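Both complexes below contain chain A, partnered by chain B and then by chain C.
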Partner chain A sequence: MSPIKKKICLLGDVGVGKTSLIRRFVENIFDDSYLTTIGVKVSQKRISLTGEKDVLMMIWDVEGFNKPGMVSPNYFMGAAGAMVVCDLSRQESIENLEPVIRDFHRISNKGKIVLAGNKADLVGASHPGRLLFRETARQLDLPFFETSALNGQNVAACFETLCRKIIDPS
Partner chain B sequence: MTDQLCNYLLAQIHSACALVTPSLMLGEYSPLFAGFCLEEEDPLTTPVCDLVPEFIGLEETFRDVIKSGQPFELPLINKAEHSYHCLVSPYDNPETPLLITFYNRTEFASLKQEILQQENEIRILKARLSAQSRNAASGLIGESPALQKIKRVVERLSDIKTTAILLQGETGTGKSTVARVLHYASASEKEPFIEINCAALPETLLESELFGAVKGAYTNALQDRTGLIEAADGGTLFLDEISELPLALQAKLLSFLETRRFRPLGSTREKSVDIRLIAATNKDLEKEVEKGRFREDLFFRLNIVPLRLPPLREMEEDVLLLADHFIRHFNIQFNKKIKGLAPAAKNKLLKHSWPGNVRELSNCMEQAMIFKDRGWLEADDLTLRRTTTETDFSLPAAGLNLEKLEKKLLLDALKRAGGNKTRAAALLGLSRDTMRYRLEKYKID
Partner chain C sequence: MKENIPPNRSSEALDQLKQILLQQEKERLSTVEEELLELQARFNDKERLIESLDPVIADLLYKKIMESRAQMAEALAPVMGEALRTQINEAKDDIADALYPVIGKTVRKSVAEAMKNLMQAINERIDNLVSKGFGGRKRPDRITLLREVLPFHVQQVFLIHRETGLLLSHASNRIDPDAIPNEDMISGMLTAIREFSQTAFAAGDQSLHEIQYDNLNIIIEEGKYAYLAFVVSGTPGSRFKEVIKDLEHKIHLAYYKDLRAFSGETEPFTPIGKTLESFISAVHEPMFEEALAGQKKRGMAPLLVFAGLIVLLVAALFYFLSMDNAGREAELQSLLQQYRHKNGAFFSVERTDNRLILNGQAFAADRRALLQALEDAGFEVNSEAFTVLPPLSTMQTELNRLSRDLNIHPPLTLIADSAQFYLTGEVPDELTRIKAARRFAAQSALPLIWNGIRVTSPAREKLINSLNSQALYFVSGSARLNSESEKNLRQLLSMGNVRDIRRLVIRGCADATGNPQRNEELARQRARAVETVFLEMGMDRSRITLQTKIFTTEESSGVFPTKRRVDFKAE
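Now for the complex of A and B:
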C-alpha cells in the first residue's frame, strides 16, 4: 500500500543540530563535524504508526536562521508540520524559537509544531538552558523533547510525535 | 532537433526542465529531470507533486502560479552533490501552462557555503561562550555533596557583589575556576575579571601592578600606569596565593578593603572603585597569622565568606564525571573521537589518590588523548603519577608512635568516608569487625 506523503521542515538557529537530528533519524549515524547547511536538503523516511497508514515523511533540512528574514519563506510552503530545534547549551537559540515559529506559521498557519531541545548530552540536569527550554515550551503550549543527535536520545520520539500530530490533528 | 539541442545544453550545465499540464501531470521533460523524481513512482502516471520530493504539498502553490502568472522559486536545493535553483514559472501554452526548471548553482552554493561556514562557526562559539559565562555555576562539574555545597554558596553569593571571598584549598582544586564562576554568576560578560598571582611578582612591581603608578613615581615610570584594582572597577579582582603578599602591601590592601579607596604609587590623589575581591591560598592562613606572616586584621577582612575547596580524593564520585567532561573538552580541542573510558580505565582512575587534584586529572586525560584518536580510553592509556603507598613507607630516623599513627589513620579514613564505618574500613583494607575493634580500642566514637 502506498504511503501518505507529508512534508515537514526542521527549523532553528544555525548550528543547533538540525542536520544531525535528520541523519540520526534517517540513517542512524552521527558525525560531530559541523558543516553549515546552505539552502535545503530533502531526506525521506517511511514511518509506520500503529493503526495508521504508513507515512513517507519528506524531511526538509532548512538552512539555519542566522538573521531574521534571511531564510526564504518559500521553503515552508506546503509543509504539514515543523520541528523547531534549539541548542540547550545556547540560550540565544532557545529565545529564537518563538520568532522562528512565527515565521513558519505566517506561511503554513495550520502546520503542526514540536520543539526539540537538542544537544541534551552537553548540559546537566539543572542547566539553565534546559529549564529555559521547558519554560518556553510550556508557555508556547507545544510538545517538546530534549534530544541528542549524538546518542539518539528522544530523536525518533520527536519525529514520530510530529508525524502523529500531522496525521491525527485531534 | 531543437529539443535535442535543448536537452544537450541542459545536460552540459547539469540542469533540467519539465513542462506540466493543468492537471499537474508531467508533459515533456528533459532526460536529467528523471533524476529529480522518486524512483518508485512512474513519471507518466504520477502527479508532479507526488513525483518530485521537493514538490510534495505544493499542489496549491503550483495552481496559484498558473492562475496568477507569478513564478514560484526555491532558491537552493541540494541534491546528490549538486545544488539547484528551482523555478516554477507560467508557460505560454494552455496544454502545458507550467515550466519547471532546476538550474545548477553548485558553484554559487560552494562559495556561499565557504563564507557562511566561518561566519556561523564564530557566531556559535560566541553564543556558547556567552552562555557559559551566564551559566557559570553549572560549569562546576560534579555531584558530590562537597561540590553541591560549593554550588549553593556560589548561588547565594551571586547577588552580593561587594563581599570579600576567601578560597582555600590544596593546589589544583580549582580555586581559579571557582573565582571565575563566582564572577560570572553575578557579572555581565562586559564586567572585568582581573587575576593576579601574588607569588609571581617581586614586591616592588606588585605594588605598582596592583595600585597603579603616576608618571615619575619611580625610575622607569615614564607615564601613568593603571593598576589592576582600577582595571577591575565594576568587576572582580582575584588575588591568587594571597599568603605570599608582602606585609607592607597587606596593610595597603587592608586599607583599600576598608575604604574602597586607594592611592596609586607616587600620587597624592585618592581613587575609588567598586570591585569584588576574591582571594585564594593553598596555605592555612590562620597558621600564617600565628606565625606572623599574615596580618590578622586582613585575614578577618578577607575571611567574611570562607570557602574551602575539597581535594579530589574527598569527591570520589566526581572523578568519572570530571574525566568525561575532560574527554568531551579535549575531543573538541584536539578534534578527536574518543568515546569514553573503558571499565578498566575507570577503575584505575577511581583507585588513584589524586595528590594534584583536578589539575592532575585534567593533565592525565589531556596526555591520554594526545596519543589516542578514537575508540575507548583503556587503563594503559592513562599515565598516573606514582603516589606513596603503604609499601613505600619507611620508618623515620627518629622513630614514631605506632598507636598515634594508627589512631590518626583511623580518624582520617572516617573523615574521608563521611563517617561511614564500612567505607572507612574499606579505605584501610580492614573488615568492618576489625575496624569496630580498633575504633573501640582508641575510644573513637
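Now for the complex of A and C:
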C-alpha cells in the first residue's frame, strides 16, 4: 500500500545540530553540499504508526541563520509540519524559537510544530538553557524533546511525535 | 764564400733561418691541430654535439621546412613514421593516456555538435513539411510524428505536486530499478532548486523550465497544481513542448479535484503512472536506446543512428508528400490560431479524421464563436472539456469583494491575457499579499501572476515584530517608566508609523508579592504609563486595549527575565 506523503521542515539557528539529527534518523540523504549551494537538502524517512497507514516523511533540512526571517519562505510552502531545533547550550538559539515558528506559520499556518532542544548531552540537568527551553515550550504550548544527535536520545521520538501530530491533528 | 763556411755551421744556420721564417706557421699549425682534436672529440661525444647544434638546428629546420615543405616531408616521413610506429608499439597505453584528454574530448565534442546540428536540421525540415501539409493522406498525430523523426530519448517522467514538492507519479524506461536514484528525493530536490532559482533571481511567478547537465536535459512543464519533469537525452524537436503541454493539460483536467485537494495520498494518481509509461514508450525510439545503452555494440551504434535517420527522413518525406488535405489543415490551424490569441483563451485540440476534441477554456463569447466557426468548416467538435470562463467583469467584481474583505484600498486591479491573470496593487503587509493571491487563485481558472502586488509599508511589519518581542521593566512597587525605557520606546516607535498598528494590547504585569489589590492597581498604572507614550506619538486610543497580569510566585516570568514589566501584542 502506498504511504501517505508529507513534507516537513527542519528549522533553527545555524549550528544547532539539525543536519546531525537528520543523519541519526533518515534512510536516504543527499550530499551536504546542497545545503551550502541552495540552502536546503531533502531527505526521507518512512514511519509506521500503529493502526495507521505508513507515512513517508520528506524532510527539508533548511539552512539555519542566526536571524529569523533570513530563510526563504518559499521552502515552507506546503509543509505539513516543522521540527524547530535549538541548542540547549546557546540561549540565543532558544530565544529565536518563537520568531522562527512565526515565520513558518506565516506561510504554513496549519503546520504542526514540535520543538527539539538539541545537544542535551552537553548540558547538565539544571543548566539555564535546559530550563529556558522547557519554559519556552510551555509558553508556546508545544510538544518538546531534549535530544542528542550524539547518542540518539529522543531523536526518533521527536520525529514520530511530529508525524502523529500531522496525521491525527486531534 | 761558400767554401769558407764549414758544413755543420751551414746546417745550423739553415735551422735558424727556418726557425725565423716558419715559427709563426708552426704555432698556427699546432693550434689547428688542437682545434681539430677538440672537434673530433666533440663530434664523437653525442651529448656535446647536441649541445653545439641545438641553437642552430631549430632555426635551420624551420627555414628549410618553410622553403621546401614537400621535400622535407618526403625526407622525414620514413624516419618519423618508423619512429612513431616503434614508439606506439612499445608504449601503446602511455600514448593513449597522454592523448585521450585532448583528442577524446575534441572528438566527442565534434561528434556531439555534428549530431545536434543534424538533429536540428531534421527537426526543422519535418516541421516545415508538417506546416506546409504536403500530400493527401491522414496526418499522423504528434506522438507518432515524434516517434518517427526525433532522435531523442525520454528516460524518466516525474509528476510532482507544485506546492509541496511531493512525488505524485513517476515512470522510467530503465530496466534495472536499482539504477534509478530515489525518485521521491529527486522530486523534493528538484522543487527546492526551482524555489531557489525563483528566490535567487527574484523571478516572481516565473520559474525554471529547463536544467541542462552534460547530454541530459530536465524539461519542466508547469501546471496549476502540479508540474511534469522530463529527463531527456538528445535534442527534442520544437514540437516536444507542445506535446508535453498537452499531457500536462490532460492530467490537470482529469485529476483537477484530486490535485487541488492533495494532502499526501498518492493512490488517486496511480493510473497516471500508466499514462506516463505510455508516453515514454510512444516517444521512445528503440534504435536510439540501443545506440545510447549498447556497450557491446558501441562500434555499430553511430552507423545505425545515421542509417536510421536517413531511412526515417526518406519515409517521412514520402509520407507527407502523399497527404492531400493540406488546405483543410491550414484552414483549421488558421482558425485555431485566431482564437488562441483571444483574451483568456487557453486550449488544445486533438484531431482524429474529421473529429476534434477541444480541451481548455475561453470566455463565453469567444468559445461560442470558435465552436460555430469549426462547425461551419465541417468539423465534428467535442467540447465537453472546453470550459467557459466567467467574463472579466465578474472576476473584477470578485476581486473587489476580496479586496474589501482584506481591507485593501484601493482594490487590486486585474489584467488578463491569453494564458494568465495578473494582479496589481498595493497591500499593507506580506500576509495580506499572500492571502489575496491565494484566495483569488482558488477561484481563477487561469494561472495567476501576483508579483505586481506590492507591500506598501515594510516598516509596519518591522515595528510590529519589534513591539511583540519587546518588554519595558519597572522597579519593585513603581509604575514610573524610567527615562531610558521611555527613550528606547520612542525610538522604536519612530522606526514606523504608530497609526499603521491596527490593534495593540498593552499588558501591565506585576508579581504577587504584597497586597493583591495594590498589585492589580500597580499593573494597570504601568500599562497606562506606557499607553501615554503611544498616545503622544499619535496612536488612536480606540485601537489600544489595556490588560493586567499578576504572576503568582510559582509562575515563571515567561520569555522575559522579570515579572515587573509591560509587554505588547501588536497587529
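In this section, the second predicted complex is superposed on the first by the 157 of 170 C-alpha atoms of A that agree within 3 Å, B and C clash if a C-alpha of one lies under 4 Å from a C-alpha of the other, contacts with A are read in each partner's own complex, and residues count from 1 in each chain.
The definition used in the following text is that a contact is a pair of C-beta atoms (placed from the backbone, for glycine too) under 8 Å apart; a residue touches a chain by one contact, two chains touch by 3 or more.
Nothing here was measured: the structure is a model prediction, and the numbers come from that model.
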Putting chain B and chain C onto chain A via the overlay, clash or fit? clash
Quick check for you: in the superposed arrangement, does A:G39 touch first (chain B), second (chain C), both or neither? both
Touching A:R90 in the superposition: chain B (first), chain C (second), both, neither? first
For A:T136, using the defined touch cut-off, is the partner it touches chain B, chain C, both, or neither? Pick first, second, both or neither. second
Is A:K6 touching anything from chain B or chain C once the two structures are fitted on A? First, second, both or neither. both
Could you say whether A:A80 touches chain B, chain C, both of them, or neither, answering first, second, both or neither? both
Where does A:H105 make contact in the superposed view: on chain B (first), on chain C (second), on both, or on neither? neither
Touching A:G124, do we find chain B (first), chain C (second), both, or neither? first
Given the options 96-104, 258-266 or 366-374, the segment of chain B that clashes with chain C spans residues 96-104
Shared chain A surface residues [contacts with chain B and with chain C]: 5-7, 34, 38-42, 44, 58, 72, 74-75, 77-80
Can you name the residues of chain B that touch chain A in the complex? 50, 53-61, 72-79, 83, 109, 112-113, 116-117, 119-121, 123-124, 127-128, 130-131, 134-135, 138, 328, 331, 337
Chain A to chain B touching residues, read off their complex: 5-7, 14-15, 32, 34-42, 44, 58, 63-64, 66, 72, 74-75, 77-80, 89-93, 122-124, 126-129
Complex interface listing, chain A residues touching chain C: 2, 4-7, 28, 30, 34, 38-44, 55-56, 58, 60, 72, 74-75, 77-80, 95, 98-99, 106-107, 135-136, 139
The answer for chain C against chain A in the complex is residues 161, 163-167, 182, 184-185, 188-189, 192-193, 195-196, 198-199, 263-267, 270, 430-431, 434, 465, 469, 556, 558-559
